[in-house]
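Supplied in structure tokens, the structure appears directly below.
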Amino acid sequence: MFDKIHEECGVFGIYDNDGHDVAAATYYALFALQHRGQESCGIAINDARTITVYRDGGLVNDVFDKDILASLGKGKMAVGHVRYGTSPSNKRVDAQPLVVNHVKGCMAIANNGSLTNYSQLREKLELSGSIFHTTSDSEIIAYEITRERLHTSSIEDAICNAMYHLEGSYSFVVMSPAKLIAARDPRGFRPLCIGKRNNSYMFASESCAFDNIGATFIRDVMPGEIVIIDENGIRSITTHCNTKPSSLCVFEFIYFARPDSVVDGSSVHTARIRAGRFLAQEHPVEADVVIGVPDSGIDAAIGYAQELGIDYELGFIKNKYIGRTFIQPTQADREDKVRIKLNPISSVVAGKRVVLIDDSIVRGTTSKQIVKMLRDAGAKEVHMRISCPPFMFPCFYGTDIDSQDKLIACKYSIEEIAEHIGADSLGYLSIENVVKLAAETKLNFCTSCFTGNYPTESPTSTVKSKYLCKISE
Amino acid sequence: MFDKIHEECGVFGIYDNDGHDVAAATYYALFALQHRGQESCGIAINDARTITVYRDGGLVNDVFDKDILASLGKGKMAVGHVRYGTSPSNKRVDAQPLVVNHVKGCMAIANNGSLTNYSQLREKLELSGSIFHTTSDSEIIAYEITRERLHTSSIEDAICNAMYHLEGSYSFVVMSPAKLIAARDPRGFRPLCIGKRNNSYMFASESCAFDNIGATFIRDVMPGEIVIIDENGIRSITTHCNTKPSSLCVFEFIYFARPDSVVDGSSVHTARIRAGRFLAQEHPVEADVVIGVPDSGIDAAIGYAQELGIDYELGFIKNKYIGRTFIQPTQADREDKVRIKLNPISSVVAGKRVVLIDDSIVRGTTSKQIVKMLRDAGAKEVHMRISCPPFMFPCFYGTDIDSQDKLIACKYSIEEIAEHIGADSLGYLSIENVVKLAAETKLNFCTSCFTGNYPTESPTSTVKSKYLCKISE
Amino acid sequence: MFDKIHEECGVFGIYDNDGHDVAAATYYALFALQHRGQESCGIAINDARTITVYRDGGLVNDVFDKDILASLGKGKMAVGHVRYGTSPSNKRVDAQPLVVNHVKGCMAIANNGSLTNYSQLREKLELSGSIFHTTSDSEIIAYEITRERLHTSSIEDAICNAMYHLEGSYSFVVMSPAKLIAARDPRGFRPLCIGKRNNSYMFASESCAFDNIGATFIRDVMPGEIVIIDENGIRSITTHCNTKPSSLCVFEFIYFARPDSVVDGSSVHTARIRAGRFLAQEHPVEADVVIGVPDSGIDAAIGYAQELGIDYELGFIKNKYIGRTFIQPTQADREDKVRIKLNPISSVVAGKRVVLIDDSIVRGTTSKQIVKMLRDAGAKEVHMRISCPPFMFPCFYGTDIDSQDKLIACKYSIEEIAEHIGADSLGYLSIENVVKLAAETKLNFCTSCFTGNYPTESPTSTVKSKYLCKISE
Amino acid sequence: MFDKIHEECGVFGIYDNDGHDVAAATYYALFALQHRGQESCGIAINDARTITVYRDGGLVNDVFDKDILASLGKGKMAVGHVRYGTSPSNKRVDAQPLVVNHVKGCMAIANNGSLTNYSQLREKLELSGSIFHTTSDSEIIAYEITRERLHTSSIEDAICNAMYHLEGSYSFVVMSPAKLIAARDPRGFRPLCIGKRNNSYMFASESCAFDNIGATFIRDVMPGEIVIIDENGIRSITTHCNTKPSSLCVFEFIYFARPDSVVDGSSVHTARIRAGRFLAQEHPVEADVVIGVPDSGIDAAIGYAQELGIDYELGFIKNKYIGRTFIQPTQADREDKVRIKLNPISSVVAGKRVVLIDDSIVRGTTSKQIVKMLRDAGAKEVHMRISCPPFMFPCFYGTDIDSQDKLIACKYSIEEIAEHIGADSLGYLSIENVVKLAAETKLNFCTSCFTGNYPTESPTSTVKSKYLCKISE
């Protein structure tokens, strides 16, 4: 609906030793990760070495019901996935976990990230006679692991070998007949962490998944680390650790991750409060009230208000009843598309000088409408502040900032953008401060979408559409 | 999900003179009113004196799709309704608008309120051979209007006569073959207001419905007033105005109405900010942070924080992806039912003295869980503040506070409640201050659920279940 | 799909004394009656004087699933209904059983037939202040029974009194808090019979419903009879019996009823075999093979073949997989709408002189296509024989022969029709023989659609559309 | 529902040169082939070298609606498939056409048959690092074609080479970016034929598919033949023709194929009439009436009756309204599972000596119930005649006769079976006559399920369950 950058995925895996229902645990964990991908989802259960999977386009709430969850059966292990697909895609077929069979048995894989050498790997595989059912990175990864598995003595060794071929970002969980294995790329672009509940271990993209199911966060998977859980407990392969400089995506703190998560040591909410405070230092303004665009601008708005001692206020009511079957107003309708979802509270802004905080501007279309709504509601001045630097470069590591054509900051100056969206002033967070948001995190950050300094060598976008057989849902 | 008092309905009606799509306008208006009733909804269109209606159990988003909306056809008039049904009920059959045929033609009726003399009216009608398809007040009202219509020269005169028989609360919109008519009971228990878009008039339970569709709030319907819209424009019958002391439900300001609505002259958001400020004056506490229970405790939390100069903060992340098909965790699951929906942000509360604001306590079960979650997240102290007085008496005027058995405040002292929910202290807003929240409103308020002082003579609850033929959805 | 006359309804009722599941029994009975109405259906259960009903547009198979059936609960009594609605109608709202509440409690009613004085009764009721939710005869009947119930001591006396006001055809089952009552109009237009299973009694439109559930046919309800089943067993009120000459619809034997049913003493299959034999006597022809249009022309084709000693053969394969969601071919498609459903077997007809038997011709469109398909498949001659006389007059007694405009026989001679449909010859069954088909039946027959001799005084069609509030499904 | 042998698949493909809607043509063609597989279905469209597919569990009628058909887009080529899956299977994932991508582009494949060397081929592929998403033969075939494609200059050459590796039965249609290609195994187990409509060519498992869409049957694909359709027209590769003795499945004529189809030169209906006549010669009996079990026993019953000059009659009414969502009666219900679907006509059998014809007996359970129903309806004698020899051996060529445990004829003598099912006498068609049914067909027949003489070397069943990752629908 809104003009936002999207994360491509969230992953979860559990190895249960307490006799609990792993399908239910995965279902509830995926609810906590739903913000990382709303296009499709899936759950795979391993019951005595046989994997059963269900996946489809839609939210967790829509895809799974009691009967479907029950049909997955019981088991000791499960992996789950939520996915936001950059188009073009096949919602149902590209839904993960991907489940395949190879000479050593079943394998389920759920991944978050983007391989920068997808095309090269696929071409090599195709030339050896491989066939592809999807355009998913996970199918490439499954092939690479399978080929290594032919001449290695364990699945974890096969994964370790395969990682030498994989370039770009990935944080995946693999479920084999007897093991649950997580791996994170050596640069650690995407988060991945380990939790525990009684005698059971689990992996998740974010710690909030553990809160949902009464588990405790243990630690993050390190960049390059492979973590194996099986009947012998938990152990780790660190061959790929510290082989490359880390580059955690900083936008996880600004927008992707949930505020109640702790990512690689830093509280996401605290990072956003800091973003608001830095913004206030960089771009202060005399104003009567600070408001945030729900939901992702709220935290920074509170920080901005605290830093300057201006009142924080609720600026908008967001309609929480609009679901995926909502009928979009047509041009012929007088009804206002944005306003149905986000209505300003007149008594808060009428006659006031308003600071409006949002986490980003992509194309600027929504920002323009929101500023206009505030003015219609009587705001005297509207000063927009953005809690990250301007997007200037495409991302090749798992988000959908894929084209400079769509990015308003590539085409206009900040003054021109302010004029375009109708704001009295506009301020972005600086690159200097954006890397200070997650102060407790020991990793370096990827800021390539702001700076163009890519942590991997000259990546190019893989045009997956050329490989596409369209499989309708 | 949560332990809340429910409003029973929201109504909308439009008489279009601009050639716009009245079905679409009603659809979008009902989205704005969805918080007033989530059990069933319906839209009726009047096309050249023929009324077509669609209604069903479910949210507006789930009940209506493009084909259904199109099947209603085009017309100049429409009425819409959202309903929360107190059980026992028939979701589909009790959905409104009710549409009936009588000797003068069709009539659609959408009502918000509760007749206190339902049983007496129904018995009288049954003894004259009437049959009933529903247990809805609207069917009684339809009969009363129909019987009066036999010997009056207009539908508005029939409504005016019928109002002499109706006791209790009602705010209804009636659509006849050629007119759209709104009526509000003489005490004005439930809100009802008038909007305008170009040359078209409309009625709604709350002004936020007008914002959604680009219309402007004109004024409230007065207690006792009948407002008629037809081809001659808009006019009013005031026979029943000022015949009884007004008693607008004060809980509309505390919880029912949307913060961006203006009800009978007062901003709902402002009323809630005031509630927070009054609470701070009545029950101050030394604390580090003030947080609100989403969504309805947020406004008062901001007010409380402002009054005492304590930091307001985001205390919880509310999962917005949990829809009506969400599978409730079983006892056997370790998953925590409340936590899946509401997760505290540890970095906000850990080691802090926390003031927690909510709008009400009904049974206390949710409050207890929320306090526990805060303590688990590390809160040093939790001081609970409630932005209304304790519920002590049943409501007979259109909400579901129907039994003293369920009300914790009937059974325990405030200290006992504090102990029960695990709070370090607990403070409720006083009755003296609750009537000052909507300071701009000229009407008196009904506070009977707090005081037991009922504005109508000794009302008793109508046990509608005795009339029930169950009609499954 | 095909150009056929439709019956309007099938009814079923059961009073169980054996502790069996009455909802299941009604579900399976309605399957046997599905041919009498495919537009909507419903089941109402009486559990300890409370009636629960579920009804909707669609086939029994589509409307009911396990959960819905279970939601109806257990009880001693049930009534069920299948309906074919003549347009205009409201599929969901006009679905029966109709369930209403009146001063003496609940009442469910399921009816088959058509009141010829609907308008007069409705006007009288409306002038006394009645409101109507439907345009169904059942609502009129419910009102008439309710008004009589005010001053009679039992529901059966109220029904007996009400029958003095009802004109036309009706065969209904009423379920009151404690009784299950069937009534058939004094002329007996529509069938209604009594069955038994262990200690339980039941009513059904046709005896095939009893076969489905392991029950035994006992006897038919007599024209004018009221049969009451309650805790005291079964008894009968015969006040209205023999007050009018009987006039059972003869088309029940030709097309409406199922061949395995026995209606008022005559086997439907035997009646159709006889129709074929009479046709052979009236319109013999030299031919090589006799085939029938599936399914309703098959029985008469066998009779025709037997009478003349010509080989009976399978002429067509009917596609049994085409359900209600089948996508009709567009004009642009080359696909043949009729042929997808009915494909001739070339080896049967190629080079042959074919006698083609069908039960009726309404507009002639389907007949024309079928004859053409046979010629395309190589038939040398096609002689069409129809197992009833030509439709010349509208029916006012519960079928949808409602307009002479659509009836080809009103506009053309038999020779012209033969030419129109492309047949080498065409022969209809005579009126003399049509009344001899059900030779074992003691009642007289209504043949008014062939002769115009109406058994009731100058009936006129009730244009129900003038009463219609459209209630979309 | 009934105790029957199932065919595993039906295939269709079209190359359109007339600008018609190939998705619609395939949809209507699949209706005609639905009897060959009711578990899942799919349609793939090739629009300018991009393939779009939709497939799911369910009947054609349930899986496809207007929106889905439209979403497939327009194109010149399409392939369609209906599938009956032998368990265990994944309805949605194993649905065909299978669509994959390889180094030369997209390929869609729809197959009918069963590879007898599945395990050997799969093992070889797995050992080279292949991964499998399904347990379908089509995935093996796709791999074999792909591997050959790496070093051949055309897809047809790759198919020709791949056929050297494939053992067992297959009749498939492959759609490549620019060609539509059909191939039939050298023994011709399963039917496959060529049709034409204006300038467009098509392939189908049976000729009845052509009738549905106004196309004309041209000829059968020969055993071993590869037929290519592209922009240059139609041509054929006969490398594999006449390399092995033909062995067309004779059960296609007895049960699988539709009576209005012509398979390899013989009319299916005529073959069944002959089966009835042969049966009458082999097992005559003095009787009053001959009836068939609907639908597949009807043709042979007519033949039997003609041969002996006994009256053929309709013995049963089959309920045509029972769909896939029908709720099966529980043991607790008195309702009779078979009778709800098949009710005898008492007037036809009461007091008569009845010959009952069916096409086969598998386990004997249904036969027993049917004989009992006839006796309950008053039949004096019931003589059962079966229009094929007894099933004694498993089939490895694409039907689900997979275990001798289930086959009653493996365990009991004919007299014992007669006693078991309650028949007065029982006669099966002889093996001598079964091969004479399709007298016009030039091919030899596979009768291995009756004789154990397998046309391929000692085939063994592939237990695909060991490869299964369960992918729920």
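Annotations for the structure displayed:
Letters are used for the chains, namely A, B, C and D, taken in the order the chains are written, and counting of residues starts over at 1 for each.
The definition used in the following text is that a contact is a pair of C-beta atoms (placed from the backbone, for glycine too) under 8 Å apart; a residue touches a chain by one contact, two chains touch by 3 or more.
Given the structure is predicted, the values throughout are model-derived calculations rather than measurements.
Between B-C and C-D, more contacting C-beta pairs join the chains of C-D. Mean C-alpha positions place chain B and chain D at a centre distance of 60 Å. Annotation: 37 Å between the Cα-based centres of chain C and chain D. Each chain gets a centre from the mean of its Cα atoms; for chain B and chain C, those two points are 48 Å apart. Residues of chain A in contact with two or more other chains: none. If you draw each protein chain as a dot and join the dots that touch, you get one closed loop, with every dot joined to exactly two others.
On the side of chain D, the complex with chain A involves touching residues 50-54, 68, 71-72, 99-103, 106, 108, 123, 126-133, 139, 142-143, 146-147, 150, 467-473. Chain B meets chain A in the complex at residues 20-21, 24-25, 27-28, 31-32, 34-35, 38, 59-62, 64-66, 69, 197, 208, 211-214, 258-260, 262, 267, 269-270, 295, 298-299, 302, 306, 311-314, 316-317, 319-323, 325-327, 329-330, 332-336, 339-340, 343-348.
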